[in-house]
Amino acid sequence: MTTTTASAESGERTVRENSPGAARGPRRTGRIKRIGLPYLLLLPALLLELLVHLVPMVIGIVMSFKELTQFYIRDWGTAPWSGLDNYQVSVDFDAPVGEALLHSFLVTVAFTLLSVGLCWLIGTAAAIYMQDTFRGRGLLRALFLVPYALPVYAAVITWVFMFQHDNGLVNHVLHDQLHLTDKPSFWLIGDNSFVALLTVSVWKGWPFAFLIVMAGLQNIPGELYEAAALDGAGLWQQIRRITLPSLRPVNQVLVLVLFLWTFNDFNTPFVLFGRSAPEAADLISVHIYQASFVTWNFGTGSAMSVLLLLFLLVVTGVYLLLTSRGRKTADV
Amino acid sequence: MRSIRAAAVGAVTMSLALAASACGGGSSTGGGSNDSPKTLTYWASNQGASIAVDKKVLQPELDKFEKQTGIKVKLEVVPWSDLLNRILTATTSGQGPDVLNIGNTWSASLQATGALLPWDAENFDKIGGKDRFVDSALGSTGAQGKDPAAVPLYSMAYALYYNKKLFADAGIAKPPATWDELIADGKKLSKGGKWGLGAEGASLAENIHHTFVFAKQHGADFFTADGKPDFTNDGVVTAVKQYVDLMAKDKIIAPGNAEYAQNQSVSDFAKGTNAMLLWQSASANLKSQGMSEDTYGIAPMPVQSGTPGTGTNVNSMVAGINLAVFKNTDNLDGATKFAKFMTGDAEQKILNTAYSTIPPVKTAQSEAAFNSPANAVLKDTLAKSAVALPQVADESQFETAVGTAVKELFAEAAAGRPVTTDSVKAKLEKAQQQMPTK
Amino acid sequence: MSSTSSTARSPMAPPRSFLWSRRIFLTLLTGFVLLPVYVMVSSSLKPLADVSGKFRWLPSGLTIRPYIDIWSTVPLARYFVNSLIVAGAATVCSVVIAVFAAYAVSRYQFRGKRVFTVTVLSTQMFPGILFLLPLFLIYVNIGDSTGIALFGSRAGLILTYLTFSLPFSIWMLIGYFDSVPRDLDEAALVDGCGPLGALLRVVVPAAIPGIVAVAVYAFMTAWGEVLFASVMTNDTTRTLAVGLQGYSTLNNVYWNQIMAASLVVSVPVVAGFLLLQRYLVAGLTAGAVK
């Protein structure tokens, strides 16, 4: 069997050494096998993505142009085309449907920014603090991963139990024991629900940031710190000048991934609030779920999902543009 | 190069094929058949204290049915949180049960999808005729002027449950008959950590059931005669305000109830924290929580004035469970036989006794169990002073929109913020605008 | 775990301010993290009266009744098995497919590579709700036309979950494979293995931490998914994610049982996660650094 080695080309991400002119198989069978193999390897992944993600998404987009309510759900192919009606309804911010969608969108943006920010802050701080070995570090690190490891429904239902107005721990501590409020607050309904949602999301999400940053910290060479220490830089200065900048590539990806996951998060608000979320915590994923599954209005629900997708595409595009530009200047 | 192109073409073709295949409605538009005459799939709703209880109640009856007809029934008890979703996916995919329980308030919405078998005269004859059923129960089986989309199975009505000891301690001789009396009694009972009444403030369904009755008592309705939503007329606004005021103004409901959506008010009543409870057929539930029947009394729900009756003296919605058949079942004969079995006198007596509900079949109502003092109140209410929720196709949107509005009003009341006619009207206005316009 | 690059600032001991700020921060954080865990554990051992009234820090009496009752209130064992089958199969398949795909991207240059990676990664931002109904329609149609039951079956759920975890897994493995030196590949190829042999004999063993990380991620994704499970399962194939909700729709809310059940379904995942965390960190180290 002929062995051929594909000449390595530098990828976009890492710099690899070019293996100098290894024999490019002159025989046809070798070349076809070389060409065909990557596609073969990719095929299962591609097929699955088509089946589960891409084709349904296209159908979902098609559905957004139809008037798909309970009258037509039995045979959605025959539902009448409604053109851009569903979109118009969704973005008409003076009408109740559009207004509710805008409100939900703004709540989600605020929530996502706060959640990602807090997760990142706490995760990074914890990773930096836990760098050095100290007694109990291993145990603490294992403990810190528990919120992330717990299945969503188990974690959130515990918080629901804690946030109950009458019998919950939160009110018991705040009102009965610490006397911080003069009467027990509502956490699952009303305005405080935003704080409750944020708390649960941060509790569950920060260990992921912790993990990634911790992994990133491992790759910072110790010599940098030693050199800085010899130059007289204090610890806090070292963190500011060395640690944080070195983490930038890691952080860029981390923040983007966290943003996308948090923005699209359905499980947390659904288990926390059920089908009808309070206004203050009306996240867009549950809002769209309510607009489609609960009110049988799949055309409008699909249109809203498409708008959400477009928004996320734009945000990701802009983010990548900004960060790659930043990276180019940093590499100089 | 050829292989790449071939692969690409293959991928595109396959995607198109998949997309095309998903476009077709498949068998969902087909009619029923008798391809599998020996089996039936039945989705039952959760009527008992737990799914296990439902299985225990139903399985012996299904075995009886199998002995009688040779048809094996595959039972699945679906929790309420899932049932409507599952029906929806069954409707869309064309793959679902043959027979199923539906909440009777869903009848018109599901009827609009066209997925349920209509019960015309011919089908009704197969189960013994339409006039076997109580009129009020039949009123909740679909839109007016159309054939019913389901047949009544279990009937329930709202009643006022009151704690005899707490009443005696507060010196109240008999249960209140009007809302004013209820408020007065409630105030006497709301002290020392106890409250006069409970409510499921966060339950959309409960909110609808109560405000609907209040509206009727003010001579108003949520929908106009031709089925258009009208949530902001004076009668409806007064009605909603009256219900929320029980917490906001009269303060006979604990603020914590604004969060209740899992029948906590029933538990509160069973524990003796609340002295009164407005609930549908609560006896079985109370018994499972350890409250014995002689500790509480049952009275008709209050009216604005006078005694329960029709018109503005209704005091309950017609609650209940209907039995429906999916149009595209592959055992049409078996399904109608099953409907006949379940609505037959014998089964009606057995099942309604087990669930402490009232049979909607007139001839089954003569059983002693349904004439106990407890059930007598429910039966009377059903016969004389209960009215069906609007049988419109948008019923589930109505439940979501108005139910959420009331939930938010309760949240404001619980937070201590004022609930005024204007704030009520504003919330109802918003709810109305969320109803579909087409 | 920190063996290689020493990031300890050994020439200088950390200043006092660092040490006590660390102590305070970590203590508060530990409290924050532990609080719900304590609630879960303690409530699962409380009698029903304790969890139906005002919150108590300490149980009035310890009882293991909830752990016995949970199996009968709801068919928890069946849900457990279903979740295990679905998550396990999804994980194995996802890892295998991701390994192949990542190897192709990492080691080969070919047309459409960029398109592939971008497409796969962009699926991360698809809102689940957009393709929920269409996906289930497709499954139904496949079932109708070919007789392969996807809707309502475990197979359909497995297919769905393995695809969910694919993008992130492929992306992580690409990064990890990139850090495995190509010399290893070439050495294997010279020895007479085909490219696939090189993959299996050399690259995969060198990338075990990354693969374990991917496996853990895929398992957790499948174990915890709620939305699709609620639509795509029936009574026989229901998973824990949906089944646990069954405790809350009964006429009473048995909080102690809910806590016990939550604990029971969490233990395998948490235990596995903690055991394998070492790999997870190592896997992320290489994968996260671009």
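Side notes on the structure shown:
Chains: A, B and C, in written order; residue numbering restarts at 1 for each.
Here is the rule we use: a residue touches a chain if its C-beta (ideal position, glycine included) is under 8 Å from a C-beta of that chain, and two chains touch if they have at least 3 such contacts.
Values in this document were obtained by computation on a predicted structure and should not be read as measured data.
Chain contacts here are complete: no pair of chains fails to touch. If you tally contacting C-beta pairs for each pair of chains, A-C comes out on top. Rounded to a whole number, the gap between the C-alpha centres of chain B and chain C is 39 angstrom.
With centres set at the average Cα position, the gap from chain A to chain C is 14 Å.
In chain A, 35, 39, 46, 51, 54-55, 59, 76, 166 are the positions where the chain touches two or more neighbouring chains simultaneously.
Multi-chain contact residues, meaning those touching two or more other chains, occur in chain B at positions 4, 18, 22, 24, 85, 92, 94. Multi-chain contact residues of chain C (touching two or more other chains): 52, 133-134, 137-138, 245, 248. Interface residues of chain C facing chain B in the complex, by the touch rule stated above, are 52, 72-74, 111-112, 133-134, 136-138, 140-145, 151-152, 230-231, 234-235, 242, 245-246, 248-253. Against chain A, the residues of chain C that register as touching in their complex are 1-2, 4-12, 14-15, 17-18, 22, 25-26, 29-30, 32-37, 39-40, 43, 51-55, 97-98, 100-101, 103-110, 113, 116, 119-120, 122-131, 133-135, 137-138, 159-160, 162-164, 166-168, 170, 175, 178-179, 182, 185-186, 189-190, 192, 194-196, 220, 223-227, 240-241, 244-245, 248, 255, 258-259, 262-263, 265-266, 269-270, 273-274, 277, 280-282, 284-285, 288-290.
Chain B contributes residues 1, 3-4, 7, 11, 14-15, 18-19, 22-25, 28-29, 85, 88, 91-92, 94, 109, 112-115, 202, 204, 254-256, 258-259, 261, 393, 396-397, 400, 403-404, 407-408, 410-412, 414-415, 430, 433-434, 436, 438 to its touches with chain A in the complex.
The touching residues of chain B, when paired with chain C in their complex, are 4, 18, 21-22, 24, 26-27, 46, 49-52, 76-82, 85-86, 89, 92-95, 262-264, 266-267, 271, 285, 288-289. Within the complex formed with chain B, the chain A residues making contact are 32, 35-36, 39, 43, 46-47, 50-51, 54-55, 58-59, 67, 69-71, 73-78, 95-97, 100, 164-166, 184, 186, 188-191, 274, 276, 278-279, 290, 293-297.
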